[in-house]
Amino acid sequence: MASFRECAAGRHRYAEEWKARTGGKVLGYFDTYFPEELAYAAGVLPVRILAEHEPDILSDKWIYASCYPAKDMINQFLKGRYDYLDGLITSEGYCQWMFHAYEVITNNKPELFSHYMFFPDYTEASSAKIALHSELEVLKGRIEQWTGKGITDEALDNAIEVYNTNRRLLRKIYELRRADRPAILGAEAMQVMLASQIMDKAEMNPLLAQYIEELEDRAPYEDRIRLMLVGSETHDTRLEELVESLGGNVVVDELDNGTSYCWNEVIPQKDRLLAIALRYLGRPHNPIKDCNWLRRPQHIFELFEDFTVDGVLVVKQIYCAPHGTDNYAVWKILRERNVPFHFFERDGSIPVDETGLRLEAFMNMLRPGLTRLAGWHTPLSI
Amino acid sequence: MKKGQLWETRPLDSWDKAKELRAKWQKSIESKEKVVGQGNTSFVVDWQVCFPAITVIEDNPAGSMIAAKNDPFARKSRLACEIRGWGREICGYHGTLWGTQFLGYQEDGSPFPKRKFTVPFPCICDSHTKRGEQCRAFEPIPRWANDYTCYIGEYDEEREKAMLEHRNYCSLKMINEMERVFDQKFDDDKMIEMIRAESTIAQYRQDVSYYMTFKPAPLTVKDIYSFYTLGGLTKLDPEETVNFWKMFRDEVKWRVDNQIAGLGTERYRWMEAHPPSWHYLKYYRYMEQYGAVCIGSQYSNGTPMERKPDGSLVERAYPGFSKDIALETREDEIRYMTGLDARAPHHFKQDEYLRPNALNEFAELYQVDGAMFGLWRGGVGCNMLRKEQAMKLRLIGKSVLFFEGSQPGDRTDLDEKRFLDQLDGWMEGQGLRKLED
Amino acid sequence: MTQDYRKWPEFDWLSGMIDWKKAEKITAGVDIGTTSAQAAILCDGQLFGCANIRTGVDFRKTADIVMERALGQSGMKTEDITEIVSTGWGHQNVAYARRSLDEIQCHAKGARYMYGPEVTTVVDLGGQTTKAIRLHSWDRVMDFMLNDKCATGMGRNIEILCDILQISIEEIGEKSLDVKMDPEPVSTTCFAFADTETIGQFRTDFRAEAMSPNEIYASHLFAVAWRILGTIGKLQPLDVGDITVYKELAFTGGLAKNPGITARIERELGVTALRSEYDPQLAGAIGAALLA
Amino acid sequence: MITAGIDVGLENIKVVILQDGKIIGRGIGRTGGAGRASAIESVMASALQEAKIEAGNVEKTIATGKGRYDAAIAGEQYTELVTAARAARFLHPDADAVVDAGADETLIASMEKDGRIRESTINQKCAAGIGTFLRNMADRLEMSLEELGALPPADPAGITVSDGCVVFGEMDALSCLNHGASPKEVAEAVIESAAIRACSVIKEPTLPIGDKILLVGGLAKNAAFVAALERQAGIRFIIPTDAEYAGALGAALTAIPLS
């Protein structure tokens, strides 16, 4: 486990070492609509751009934003943290902030290979798969041109297999978290998820399989209040840790870098690109893509039932428009089905007292009687 | 003569005709039995007119109208929206309108016309992309989407074609299904007639925006915005509208030839890049106290133009689309409409609006001295890349002012005094003083 | 020394009617907030003594002082109290408390004690956070909502604003109500925007008619009230489908003493909030003592 | 010629009386709200007293600052931007740029050789209120503004508070205090976060700002803040004496044509 946690914490080191070791190219990506299989088949390591939180005096010049991940990504690029990247990619309609960050970064670093990928918003139109297929062909061609070698069908098959295996293993961890008394808590599981978006999947899979074996033998934790995390993607596990310090546990999430990342697989077919297109069109969508506004709330409710969750935390980044616009649909279904939830906003920093108050009051509301002893003290982790 | 007057100025003659046309149109839609839908028709041809009883209301103008007319009511609407989960990150246009929908009544107390269908379309701005969600909160009304993309980088003909095909498919499906669902016949002949009229009007409109490049500017941006809504008057009678635009174009040309200014004290020209705060157009007037005239923006002046190597300006051509479509079938009509629509300048979705130096050519063409850009916290599609564009403008010697707040459709963030203070600072910093008082 | 406009009065109080030595059970609650701290001592469920002070820089010391002042001249010692429960931001700084409980529960419980058992909606207007709580008919929290992150510190900011505007914090509310009609509120986004805009309101050149100072206070407090309305509105509705039912509303916390805010909330909601003989700031401490 | 400049800021009113290019009188006092007009009068009176002249001797009175229209005695008004640049040029003839950091606003203006403003930037709304924030944090931490200003630099490995805005900054600071950090540590972290916010304004200009940069305004007096800002921005500021009077001085100077 140490390796996954280390990998998530020292996120740049892994890719730098990978690069030094293999001499390959590293491609940064912003969102989970980018079909990593294509890059992977070309021998390129796809690495997700994740935000950190640190003082920032650089990004304001380039972007007017209230979105801390977008600002921080720019800050990190300008500080040279991502110098190991050879390329950068983003896709249509993920969110305007990430798109803005992509634009600022590629304008600052014109030497990067960059591609803006079209992804239909109207995912269920029968022409959507044709349009996406055509876009994947363009992208494949561009990657081939960039790496200087063709992407063979065998390489694509291999990439699909590696990625599917990884998704299966990650889902296995979620399965383990369904247990009444799981042996793994939310923060640890989220670190594995973050690591999976940084690591070479072929390297990660055996480690992950071994890790899961260990988990199966591990002693379960005590009975804890089971929470679910819904909302804007998170790039660290501080919220989960705070929940755990108060006697709760995040057993499942509906985050773009959580369940949505690994929930469905590519179903192989002869036309590899179509197979990949269908996987991405059919995945659990994030708010921007969820065009009929019925699937995501329903999906959230299904996860709630599956994981016998006590209550849902709906947490969004300040000024996150996609999640802001989806709040209504999510609140509505949760209220109609009598699911307790608590909504709040987060930012780069989590003020421990304010957030701790929310979490504790929410947990007390779910299962009264949970009280803390005087002298209880949260670590300073601002 | 007013203090500081440099040019002759006089009101536009075309105004009366414009008002007459608008009144006529208002009357014609009042009596119409209709199915009201939410969404966007088209920037090019207003296809809804071809249905006998379908009206599509876009959130943008409807929302900004509420904000402009009645502050307390707009505030109430915003709150109704906010307590249902749609927070401050949402563009003011939508926040205001969606809230009204939940209140169930409009500013004048009349019931809010419930939307019977929705036509969302993706946009650079997230909250625009998610339009249509709110009217489905009440009942599962039908939804048709227009899908096309933002374009970054070199135009790739094949890629462009695939995207347009996708969009054609979506739009054609929409028209066909609407006929069936609402039991109405789509008038293809009318559509073709409108497309023809639109081509002519587009040329006139382009001429008018070209005349704005002259010093003194024959109009101010406020005039442009007033006439801007007239483009869609093909709704009524294509021929009459074409005639009107010809008359208007000729008048503006006459003004240019005779140096008749929109603002008699013009001594400073500035540009924008975004829709204005519709409820606070006062700032144009305030700037006029300094003899500063706004000559418009890529948003108001429309029609993407391209400079040929010989220096002439022509309408920009896009790969994957040609205007030479034989208009015979419904598919042809749709192809024509979506082809132009997908790259219409109002989306800010294409490369030439998103590049850091996108505004430089406009600034030089329109001979501006400075630029003023709004930044808003919520619904920020229209701030995209603005900071970088400002840097590029500064490098060619244009002064740039950023102001925050007051989204086009919401007054929440408007700090009037701070805004005016910044205008004073901007003007004084460039050595200008108020002409009046 | 010039007048300190932001300081509101501290107080302590002891019941003259209760002989604590005869009480079967003595409990106490201590609520250490960011801006103010309260202690309440109950003898068999009756309020015996209480204190309300400003929180100092040292939370531990504040906790000691507030208890000392609540005990007053009664002769009671901390050791005489059977159970002490702490709550609030600084709950972990109450060295003499054995347990702590979250503020939501405490405020809810305290409000029912102070305003009567019919309370269904409690709105706590604190220094840093605004909390809206909806209660079941039995003493259980149905739903609660805290302010948006940007709207933090609204209470504390009234102190800051009074200092800048040089108007006493005890007068600003009443004065703001002395206007013909409420002007448009200033920015409701956060207190920093609101302050800048409020100061700007004094600028007289552009508006046809200058705003009177009272109108300026009104536009600021209206914005605070409006912001709080947003928090209350997000609560789970009492009846499905009807979001505007705000039955039996009780205000607690420091800003509950500012009529410029509470009257405006009442007006917008179309309800009259419940009144109580207790000081609204005591709700958290009384609730904690009751839950002990 | 005797001219007077009045700077009506968010917190303080400053008055400078200028005679033939020399400051002969100054005054300072709280701005307030409703009682602003009389506050301006009394600050003016004390400045006149220092200058040992009568009100009638002042030929021209010019106001600046957010409340410049409140000074009824002023015949003309200029914005802070213009007056800061004028004062900078007067105090330091080769100044390339001036940073004005006050209670509410932070601005930077770079200047051409002839004194015209080349480029200027005012803080975003989210970075407003730095001066007021520091004053209120000092009050909350039970120290005087002077004590706050005398603090050493923050420990880089120590606690930090959000640099997002004053709202988040205050919330974090109170959290730290609540969890046992000493008031001194919290104050240092608060100053650091304020400096980071101010720094984002200084980093904003597109065109070069030169290296002779003046720092004026009320915050220029706060040594700890200035040190943090210099460290963050990588700039050595020139801090004139009476930096907080710069606005008023600039206003008094506007009566003299820019040569």
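Should a chain be cited, it is by its letter among A, B, C and D, assigned in written order, with residues numbered from 1 in that chain.
Here is the rule we use: contacts are C-beta pairs under 8 Å (C-beta built on N, C-alpha and C of every residue); 3 or more make two chains touch, one makes a residue touch a chain.
Quantities reported herein were computed from a predicted structural model and do not represent experimental measurements.
Counting steps between touching chains, the shortest path from chain B to chain C takes 1.
Compared on C-beta pairs in contact, A-D and A-B come out with A-B as the pair having more.
Separating the CA-averaged centres of chain A and chain D is a span of 44 Å. Chain centres here are Cα averages; for chain C and chain D they lie 35 Å apart. In terms of their C-alpha centroids, the spacing between chain A and chain C amounts to 40 Å.
Shown for chain B are the residues that touch two or more other chains, namely 84-85, 87-88, 375, 377, 405, 415, 418, 421. Multi-chain contact residues of chain A (touching two or more other chains) are listed as 61, 64, 66, 318, 343, 347, 353-354, 377.
In chain D, the residues touching two or more other chains are 66, 124-126, 168, 171, 174-175, 178-179.
Chain contacts in this assembly form a complete graph, since each chain touches every other chain.
On the side of chain C, the complex with chain D involves touching residues 2, 34, 56-59, 89-90, 92-93, 128, 149-150, 152-153, 156, 160, 163-167, 190-193, 195-196, 199-200, 202-205, 213, 216.
The residues of chain D lying in touch with chain B in their complex are 66, 78-82, 85, 109, 116-117, 119-120, 122, 124-125, 206-207.
Chain D makes touch with chain A in their complex at residues 124, 126, 159-164, 168, 171-172, 174-176, 178-179, 181, 192-193, 196, 199-201, 203-204, 232-233. On chain A, the positions that touch chain C within their shared complex are 318, 335-336, 340, 342-347, 353-354, 357-358, 360-362, 364-365, 368, 371-377.
By the touch criterion given at the top, residues 55-58, 60-61, 64, 66, 68, 347-349, 351-354, 377-378, 380, 382 of chain A touch chain D in their complex.
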